[in-house]
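The two complexes that follow have chain A in common; it is paired with chain B in the first and with chain C in the second.
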Partner chain A sequence: MDTQQILINLAAILAGAAPLIFATMGETITERAGVVNLSLDGKMLLSAMTGFAVGVHTQNVLLGFVAAAGVGMLVALVLCFVSLGLRLSQTAVGFVLALLCTDLSSFLGNSYVRVPGVAVPAMPIPVLQDLPILGKILFQHDLLIYASFLLVPLVWWFLFRTRAGLTLRALGERPTTAYARGVPVLPLQLFYVLLGGALVGIAGAAYTLDLKQGWSYRHIAGTGWIALAIVIFGGWNPWRVAFGCYLFGALQIFATRSQNLLPNIPTQIFQVAPFALMILILVLVNAGSNPTLQRWIEQLPAPLSKPVQQVLARLNTAAPAALGQPFRRP
Partner chain B sequence: MADKPTTEAVPEALPAPAALRALALPAAHLLTSAGIIIGGTLLFTTLVLLASGTSPLEAYRLILSGAFRNPRTIADLIMLTAPLLLCSAGLTLTFSAGLYNLGIEGQIVIGAVLAMVPLRLLPDLPPPMLWLLALSAGAIGGMLWALLVGVLRLSTNVNEIFAGLGLNFIAIGITLYLVFGPWKRPGVASMSGTEPLPEALWLPTLAGIRLAPLAPIIALIGMGVVWFALTRTHWGLEIRAAGLNLAAAERLGVPAHARLFQSLAGCGALAGLAGALQILAVYHALIPNISSGIGFLALLVVLLVRSNPVWVLPVAILFASFSIGSIQLPLQLGIDSSIAGVLQGTLVLFALIAQGVRGRG
Partner chain C sequence: MDVQIRNLTKTFGSLRANDAISLSFAAGNIHGILGENGAGKSTLMKLLAGFLQRDSGEVLLDGQPASLHNPAASLAAGVGMVHQDPMDVPAFSALENFFCASPRSALPSLAVARQRLTQLNQQFGFTVAPDQPLARLTVGQRQQLEIMRLLACGVKVLILDEPTTGITAAQKTALFAALRRLTAQGETVLFVSHKLDEVADLCQTVSILRSGRVVGAQLPMPQPQAELLKLMFGQAGAPAPPRQAAAPPAPASAVPVWQLHQITVREGALSVPNLTLSLPRGCVVGLCGLDGSGQQLLLRLLAGRLHPERGRLLLHGTDVTRAPYRAFRAAGVEYLPADRMHDGVIGAMTLTEHLLLTSEQHGLIINRADARTQAETAIAAYNIKATPDTPLVSLSGGNQQRAMLALLSAECTGLLFDQPTRSLDVVSARAIWQRLLHRRAAGTTIVFASADFDELLAYSDLLLVFFAGRVSRLLPCPTMTAARLAELIGGVGFAEVAAHGG
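Right, the complex of A and B next:
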């Protein structure tokens, strides 16, 4: 592979992971506020379809994204009503919504399958795009992908460097304490779940209006579940979550490219590899808190066990303490 | 969520006598619930149908009556209800244990794959023996795939939802590999699956229709066994105790971790049995979509009946009739048959809402 090819691949990874960045940042905000939104997979399909359909009718990409964000917020609102308002299991409601939205997208999107639509126009940045190496990787994309670059530091800065971000994290860690200090817990949770829903909606439309440019039945099914797993892998930290997205994007690019390089290996292996990797990674991030695995590692020869332990300790993540537990006013 | 060492109690996992209590509820409460569920579902699906430009009355008529049109559709209904019942029965086990077994789709698939093994290797055995072998292989396959979820959940602390979902995709990958690789049709490999089994190996059907009586019989036995085990044995009580509070159950001397494993094993075995029936009695070949979404549909059934085995049968028949009834929609009204899924999902959503409203009142 020559340098040119490597640059093209790197650019493709950054672009391909952009929708995942939007989805995972949305879910990170949601879960930091103490709510699990398991409906991601169906919600992305429904907003992808809606965004595409609105784009077809209005011939306006921006309106497509607005509609997709609106659908994301609407589904999030239903989740909030049932899980925060009526205090039912977030897992159950999220799962039902995931299935319901998937079928809704198939039913309502019936007449939009494989019709031509609108797409986000490419927008190379003048001057910067001519930079050696970096220009090709970073500055020859479109507005949506530039936005995905900016979203990660923005979410990190908001969560860890602002007063409002501190309050947001308190919602997921110690909602009762936050309440005692005068934080309106439920309204704020509602706000952040809706915000997360909007970002997930944009992620769905990013596929139909940008990366895949078109709609067909269930064409991004599975992505939402991957996004949920990446949030856990990233330990609810925007930088690590973004790293997970790009890692996954790289794996996908590698899979499609190596299919040509290694024709003897059945293609199904590559289709399945990300999911096998997802399970493996979830095992690893939980390994630090797992006594059985710890005992195995201690039995390894000394020069090996130390570094392994250190790596696992760094990988280890802890969920927001009150994640998934509906808040009850004391 | 993934790091919590104990299993979260599933709030809807009511203790068994709930059926009696539900019957004894004041009539007003029942009416409110029924109003929310039926009214909400009708309102939402009618809006969806109107949005697609379809006459709602015509669509409802076809969905509700389509499954009962003639002996052929009734046979289809029974052949869909049978695996759905097996999976729903299995899921009442895992739900009672407080586990969301989203890996059930993969357990059906692996059950179907393993059921193919004796059918392909020993086609000369007498058919009844082969059926027994295939059904056992299916049950074992599903059980092993479910135990994988159990090991990931209980030994390495990976949330069972993500372990199960990941294993679903892997199971489908294995099927695709077999259908397009070692088990491909002579000549051309395609999504239509492996070479159909010789007709002598199909489960016998009633004259003229595709109804293999053995399938619903196995399903009813499976459901009966689960109902008995969950509500009438000490073992079932311990499963429910483990589901309500794992740590407390463990401290009281209940082998709670073993019970969680066993509930998963039981669910996996029943799902694998369903997969074997899909091979022996429905498709007569391994196809990529062998599970047909039955596992997820069973999850909806169980969320609706709240792990109360008594209601599994009527709800499973109702949901299966929606699915069969909607098959003719594309031909008759030119709309997609996924409206059945919309109807089923909406019904469960409003059932949850009704439960929440009742809980508050």
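Right, the complex of A and C next:
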């Protein structure tokens, strides 16, 4: 692989992970506010399809994205009504919504399969695109990809550097405390879940209106689930979550490229490998808190077990303490 | 700010937690609110703080009707409350907690918040480092942080609900000094407690609630203690429990229940090193010390829930150092954790079902009728206010605790109890201890951890004091006084009683 090829691959990783970035940032915000939105996968599919369809009919990319974000918010609203309003299980509702939206997208989107649509126009940034190395990796994409670069620091800054972000995190940690301090818990949770839903919607449309440039159920299905896993792997921290997204992107690119190098191995293995690897990484990252794994690590020779333990302890992060528990006004 | 409460009523289901309460509190004073557990003190305070919503009645602040329909409204009106379990966010740092959800006008930025926190710390002699994670602060420091936060938010009426539970003597002194200083600045302080001496020490007036009603309204302090007790508990009265007669010493030949040889236990950062002890049959051993000084470690070690790093543990003379938990249970050791609902019982299940779970069952099909009979017997024997089919979660604390006792096997020889009477009122606590002493008389050794000096002194035969990871030798209880115990817990003169000089 020559340098040129490496640069192209790196650029492809950054671009390919953009929808995941949108989806995971949306879910990070949602879960930091204390709500688990398991419907991620189905929601992405449905908004991907809707965004594409609206794009086809209006010939307007922006409207496609607006529609996709709208669908994401609508699904999030259903989740909020059932889980925050009626206080039913977020897990069950999210799961059912995921299945429902998946089937809905494949049913409603049937006539849009292999139809040419609109796409986000490429927009290399003048001057910067000519930078050596960085220019090719970072600055020869389109607006959506640039937005994904900016979204990560923006979400981090919001969560950890602003007053509103602190309140948002308090909702996920201990909503009763937030309530006792005069925060309107449920309206705020609703707001952030809708915001997260909109981002997930944009993530869906990012596939159909940008990366894949066309609607096909099979190309997107499953990424929502991996996004959920990445949020956990990233410890609900935007930087680490973003790292997980790019890692997964890299694994996918690596798998496709190795396919050509090792033609004897069935292609399915390469398609599945990134998911399996992600699970392995998840296990390792959370090993710090698992007593069984701890015991295994202790069995390692001393010079090895100490640093391993330290690394794992550092990687280990706690979920928002009230994640998934509906708030009940005392 | 003057507070006037008129005919405030709050019901939970059929329970009238507050029944037409009328009280008034003048500005610039510390007002005590006394009452036993369940008298309605906390409910009343939560109504003022907007944390709960009243059913009827009204509250006037400085003569103006105040809505107080949610915490935001109460805070805006200048009423703030420090809850018994401080309402903060364990995952945040002290400064983040201080800043979180504060009004923008009070603390425009994190930098200002930091300044203000440092300044308030100095002003009151509090010791909350801004960048400490909250999880590392003691309950006392968390409470200090809450007080400072409310003051920074401009609160004019400060409510403290049982603020002296779980804090050190030094923190209590600092707290009381701070409260006095606040009233000098014109703040109104409402001090909720069930401890008479504290109210006598601190308050200018005292109001007493019993069963949701006012039985004494803003009486000027001092009041004779007997009078207050009568108001709190009714005619029966309930002074501090008398000390129990010591257990007859076990014959020297008898094998102790537990023997510890140079045992070190560790969990996380906390460790208790080099412990050598022998706990005889048929006695009550009280474990005291500040929260998290290692009492729970010892209890769980004795229960077989935690294995020692080093040393040897004998149970009835048998080496159980590495034995599994069930070996301890088979040898008659029972462990009742502090958090009943979380670790002790399964809230949604009934007493009958609990008996089915704990008893030996043979065959595939459970014998419901038999368990029901057992449950009925237990209910009668332990005076549990429940039916065999009541889910335990819906029982009161005292009844839950009695239900847990009823589940213990009759043959148990060692009983480990973490906070046996925490959050129970005097009458319920006494009933529990009556049962426990009954078991002691039958030869059971009871080891319990408690934060309540009265309880420790009244019921223990022997005491173990924990201080900063060190443990005293077994101290005979009859020669101990509350004052001395308080000193030891704080480390004063600990070397004299330390087992091996550390």
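The working rule: the second predicted complex is superposed on the first by the 328 of 330 C-alpha atoms of A that agree within 3 Å, B and C clash if a C-alpha of one lies under 4 Å from a C-alpha of the other, contacts with A are read in each partner's own complex, and residues count from 1 in each chain.
Everything below uses one rule, namely that a contact is a pair of C-beta atoms (placed from the backbone, for glycine too) under 8 Å apart; a residue touches a chain by one contact, two chains touch by 3 or more.
Given the structure is predicted, the values throughout are model-derived calculations rather than measurements.
Of the partners chain B and chain C, which touch A:318 in the superposed model: first, second, both, neither?
A:318: touches chain B and chain C.
Give one of first, second, both or neither to describe whether A:86 is in contact with chain B, with chain C, with both, or with none.
Touch status of A:86: first partner only.
Which of the two partners, first being chain B and second being chain C, lies in contact with A:229: first, second, both, or neither?
The first partner, chain B, only.
Can A:36 be said to touch chain B (first), chain C (second), both, or neither?
first
Of the two partners chain B and chain C, which one touches more residues belonging to chain A?
Result: the larger residue contact count on chain A belongs to B.
Which partner does A:185 reach: the first (chain B), the second (chain C), both, or neither?
neither
Output check: A:106 vs chain B and chain C. Expected answer is one of first, second, both, neither. What do you get?
Only chain B; A:106 stays clear of chain C.
Quick check for you: in the superposed arrangement, does A:241 touch first (chain B), second (chain C), both or neither?
After superposing on A, A:241 lies clear of both chain B and chain C.
With the two structures laid over each other on chain A, which partner does A:283 touch: chain B (first), chain C (second), both, or neither?
Only chain B; A:283 stays clear of chain C.
Looking at the overlay, does A:202 come into contact with chain B only (first), chain C only (second), both, or neither?
neither
Touching chain B in one complex and chain C in the other: list those residues of chain A.
Shared contact residues on chain A (touching chain B in one complex, chain C in the other): 318.
Across the complex, what residues on chain A touch chain B?
So the residues of chain A touching chain B come out as 31, 36, 38, 78, 81-82, 85-89, 91-93, 95-97, 99-100, 102-104, 106-108, 110, 222, 225, 228-229, 232, 266, 268-269, 271-272, 275-276, 278-279, 282-283, 285-287, 289-290, 292-293, 317-319, 323-324.
Quick one: in the complex, what on chain C touches chain A?
Result: residues 46, 49, 51-52, 70-76, 81, 83, 87-92, 96, 99-102, 104 of chain C touch chain A.
So in the complex, which bits of chain B are touching chain A?
Listed in rising order, the residues of chain B that touch chain A are 1-5, 8, 10-12, 48, 51-52, 100, 102, 152, 155-159, 161-163, 165-167, 169-170, 172-174, 176-177, 180-181, 296, 299-300, 303, 335-336, 338-342, 345-346, 348-349, 352-353, 355-357, 359-360.
Quick one: in the complex, what on chain A touches chain C?
Residue list for chain A touching chain C: 163, 166-167, 169-170, 173-174, 176-184, 318, 320-321, 330.
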